[in-house]
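The data blocks that follow each hold one structure.
Each of the next two complexes has chain A plus one other chain: chain B in the first, chain C in the second.
Up next is the complex of A and B:
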């Protein structure tokens, strides 16, 4: 009984999806370092970190949502709305960047809770609800700026967050790291994370186990709103401007990174470290292509290819082992003596 | 003697390292009901999937009508007249009976037109053959479960089935419905159809089968005429050891009233005016026909569909139960009927399943404690005799009976004061069933109040200190533990006042 059997052992780490992705990432790094002369410099890695932070934050917060079997298409639009509101509060409202930031985070959280409330309260599918708020938030951002207004000339003390380094790393990279550790603990070390997975595997089963399903789902979307606000502030600080089109398409990059990282789109299984690897693989790819003088469109194409490849490679070992078993079984039955003369 | 319709010779089938069938031979004659018996995991499902063409065997041969085959495909199986009737009818609920039957008979080519009139006539003909009074133009969703099963059989006959596999067809039927179904089975037998009949209910096998094959651990223990068998022999063959078929006796003295219901009503789920007491140390069986509102009452008590009138008292104090979380806080545990959907999360480890109801106390501050969880799980695995490779095995890897023990263990961890069991042994093999009964008895002896819903009448009679019978959403009567099956059925059918004709 106590002897560990094949099934009770966890899968070997080299077979995991994360390991496949790590190999892909290392291959990218080796390839681009040899092909592009300035790719391997510290400055360039800082650049990758700066460009990946916002999508990284969105991918982190997308992970628990996808674990519950949901999806949030509105995070990119919410980023745009929060960026515009932040700009307006600072320029027209007379708030300091700090106060404007806190208010923006509050707005983001409320918007996320709106998603969560609609999904759990009205029992609407997350895809439909966030498709609606995807348009709603972007439309609000455009209405606030009449489609043209751009907020610029932020003080240097604020731009520091997006453009300078702090204790050796880009300032926003620290934010991403803190968020990564926080989300990793939340998902992998607390009952909250386990609740997300349980809901993703069997939402009714979780309810029958006494798990407060609605509260947990609402929490996941509320967190997404808060982090979208945070990403909006960092985005504004990085570019030094806030426009209504900020973060367009980011929701799809975030979802791609999460799925690339091995999280099942049906919910239940997945990991934060996988998501981080997914973000890195995408970030390094799009940066590296610039260094080997490839046009931007190629990045999109290759990201799609990477996603399909990673998915295919991760199911390959399973497929091979089942094939081997079949073959062995077939040989076994042939070698056994025939039953009838 | 006529040649067999179907002959399986030394069928082998493995899944990964698990050898599900280790050379099973089996034969079916025309006009025979051949029962297939075995504990869960004995290989019954695998065997019928091989026959239906869903699984390709790794070795052995299949002989149908003199033709030797190494394997079947679903198409080929259908071509040879093999049809499967499962526990849950697999019909299209939005189509009519006639349309469903026509789908099985012959699908017109895309350029042919549908002949609706002929479809209906054909359906009427086939339904008559199975003795069903069902309107061919009714939508399937409006039919009851047994009616849908008859439609399935009609569909199979329409498709020219000569070999009918029935996999636990009576699991969710009431006693009367079972009788009707068995009559149809007997009728089909006289028409020359060969029937492979799988059921956990031994009395049905004695009532209808001609021969019985017992499977154990992927091997056939033997095939014999039913006429020469008795229940004890069959059970012993299935489990390979002696199991008492009798229920463990009640050993507990009823204590104070734990749960008192006064006029409890929930309009949404059709339950009305329930007055019932359950005492500590007492097993109250909740009987009634399917659809009488028993599960609905359980769902009210567990806060899934809260009551909208009446009063629920726990230890004499009125409480409101608006959510499962509230029920858990009050010490109410509910082991649901559908264990694969609600009882355990199949994709999560046993250990995680076992702690799921005790998160707030077991994981203070929401931080997981893997080592403590492992020890907790090991304790329950030992205590309840859960057969598993280890605490990290997934719930879905266990057999039905062991899954049920996990579902039970999850709720014992909250140290409940009231335990509601909904069909605790449905689809569970004989060995695990007896173990679950012993566990229930032990819990009652320890002072737990148990409310046990069951459609298995012998179980209700054997386990209950008192029997509450529901009918059409209301409590039709409460009988003492010694009541007979006849009395319970009479109350369930509503024949208390006037004598049955």
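Up next is the complex of A and C:
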């Protein structure tokens, strides 16, 4: 008699966590567009893109790390260090912004590989290693500037990257888009990138399956370092200044976006498009609140609420279907023979 | 029905066009309703909370929409983000206390390019990033007020000493220059016996003050010119049992000195009225937004504060305010 439940019968993309988040994002957009006079303007979406780029980049690169079951708490501090080094190379070292940028990316990569090397080489937990480098990188940035030195007056050609538009979009939005496509292809369409998921699912199993686990994990952290450097350059161009406190707290925003995007904090499951939706949901929320004249601290509160809600809603179908199965099993054992759906 | 709608639509359009093209009425306070956005360095700071009280008062008086927002944590990028959001939001005037002058100037210049007027208060941005700076106190005003108050407390004679932050800090030295100029000019019987640094630390100020008290037994007054040094000096005088005999005064926040003022250890605390600073900022923002206040003006009448002086592009709040036992309870920052 009993019908298979609605949730257990339907299988489709729209039942996924990402779909739930997409609905949340659309709801945000509809709500803020109707409530805020200037929310729906192109200018405003440019603002959102500009303000989300650095966090977006960090969240993108955080995804493969969390997929392997790791975490990187040092990205925000590394952003600060890279910004300061970039400023120093340009102002005191006499490098052009281009050369300084390349060197900064190199430094970022090395710092990331240091994380990766310590984690895989010494088999230390990522949380501990990156907690250490979190302090180390920020401390270095402060030491380099004595906490007070600020680098400014960058040439307009460099500031273009952070403040102007290029072929219709903010210049840094293109960087974010290229990074997003790149990471999506890497994680979802290459055997190389699928290793991240496999490692997070079962590290030993991945090793027996022939995946060079340590090399892949080291690479993930190296990549995080590289992208932190890139985010530092964009941050500097956007603000027109580099200071030791650049990117304070960004690691937590990035992790929040990744987890909101449906990536399991234990590793093994998640997606790049989910992360992008997470970044967008947070970015739109904090921008939209300004448009309906709500104070900024509400954004933090609502982000937390959103995170918990999204997690709850995404496990709801599973929970309901398991409930249904249990009930059916209970009914089945009492009276009717099991039906075949 | 259709024609009626068309008529209403046209009328609305005309009305709109008429509104936006109407010339600004001359004279202050009667311009169009403005939206002014006010940003402190950080929102939780009691200093800025009391600025906001004055800002609210002025906004009510002038009938303008006041937005108040700022970073809750010290992140220089946050101030810029809020400014950019405000530009998109289409506010008329932005008034901001800059955490980091260079960093925020980028965003403020962008605002000006888009036709948003910019006023700074408390701490300035680059001069080309704003129209006016509401300056709460000039070095001369601070120096003279401190010296005059010291003279009043000592009866214009005897020995006194200064505790500074560091001997190299630019603002401290500017104040000291004016203190010493005033001393030489007006108070020949007062003698400055020592100037000691405290590294902007309360403990260091306290130990320096203790040393001064034993080195100069005839000392009549300690003047602390950085805020942690005022309670530091007070603690030293109190522990030496010289409360009342050696007077304590200085530049500081009423809140952290309230206890000593009530115990008669500290006689006077010099600062500006933060409520008035907020009040003036909103008045100036409104006047700039209405085109009443223009670059080159030398005087500005700001509501209950009356006629104020403008030096260059600095609107001066006027002489600092002296907090003492009689009035300190009226201020909660």
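Details
Criterion: the second predicted complex is superposed on the first by the 324 of 341 C-alpha atoms of A that agree within 3 Å, B and C clash if a C-alpha of one lies under 4 Å from a C-alpha of the other, contacts with A are read in each partner's own complex, and residues count from 1 in each chain.
Operating definition for what follows: contacts are C-beta pairs under 8 Å (C-beta built on N, C-alpha and C of every residue); 3 or more make two chains touch, one makes a residue touch a chain.
Since the structure is predicted, the reported quantities are computational estimates derived from the model, not experimental observations.
Contacts of A:206 after superposition: chain B is touched, whereas chain C is not reached. In the superposed pair of complexes, A:44 makes contact with chain C only, with no contact to chain B.
Using the contact criterion defined above for the overlaid structures, shared-chain residue A:291 touches chain C, although it does not reach chain B. Touch counts on chain A: comparing chain C and chain B, the chain ahead is B.
Of the two partner chains placed around the shared chain by superposition, chain C is the only one that A:246 touches, whereas chain B remains out of contact.
After overlaying the two complexes on the shared chain, residue contacts for A:152 are found with chain C alone; chain B is out of touch. Touching of chain A by both chain B and chain C, each in its own complex, is seen for no residue at all.
On the chain A side of its complex with chain B, the touching residues are 1-2, 4-10, 189-192, 194, 197-198, 201-202, 204-212, 268-269, 322, 325-326, 329-330, 332-334, 336, 339-340. Chain A contributes residues 37-38, 41, 43-44, 47, 50-51, 150, 152-153, 159, 163, 235, 238-241, 243, 245-246, 248-249, 287, 290-291, 293, 295-297, 300 to its touches with chain C in the complex. For chain C in complex with chain A, the residues that touch the partner chain are 43, 67, 69-78, 80-82, 84-86, 88-90, 100, 102-103, 105-106, 110. Those residues of chain B whose C-beta lies close enough to touch chain A in the complex are 9-10, 12, 14, 16-17, 23, 25, 58-60, 302, 304, 323-325, 327-328, 334, 336, 341-348, 352, 356-357, 359, 363, 366-368, 389-394, 397, 410.
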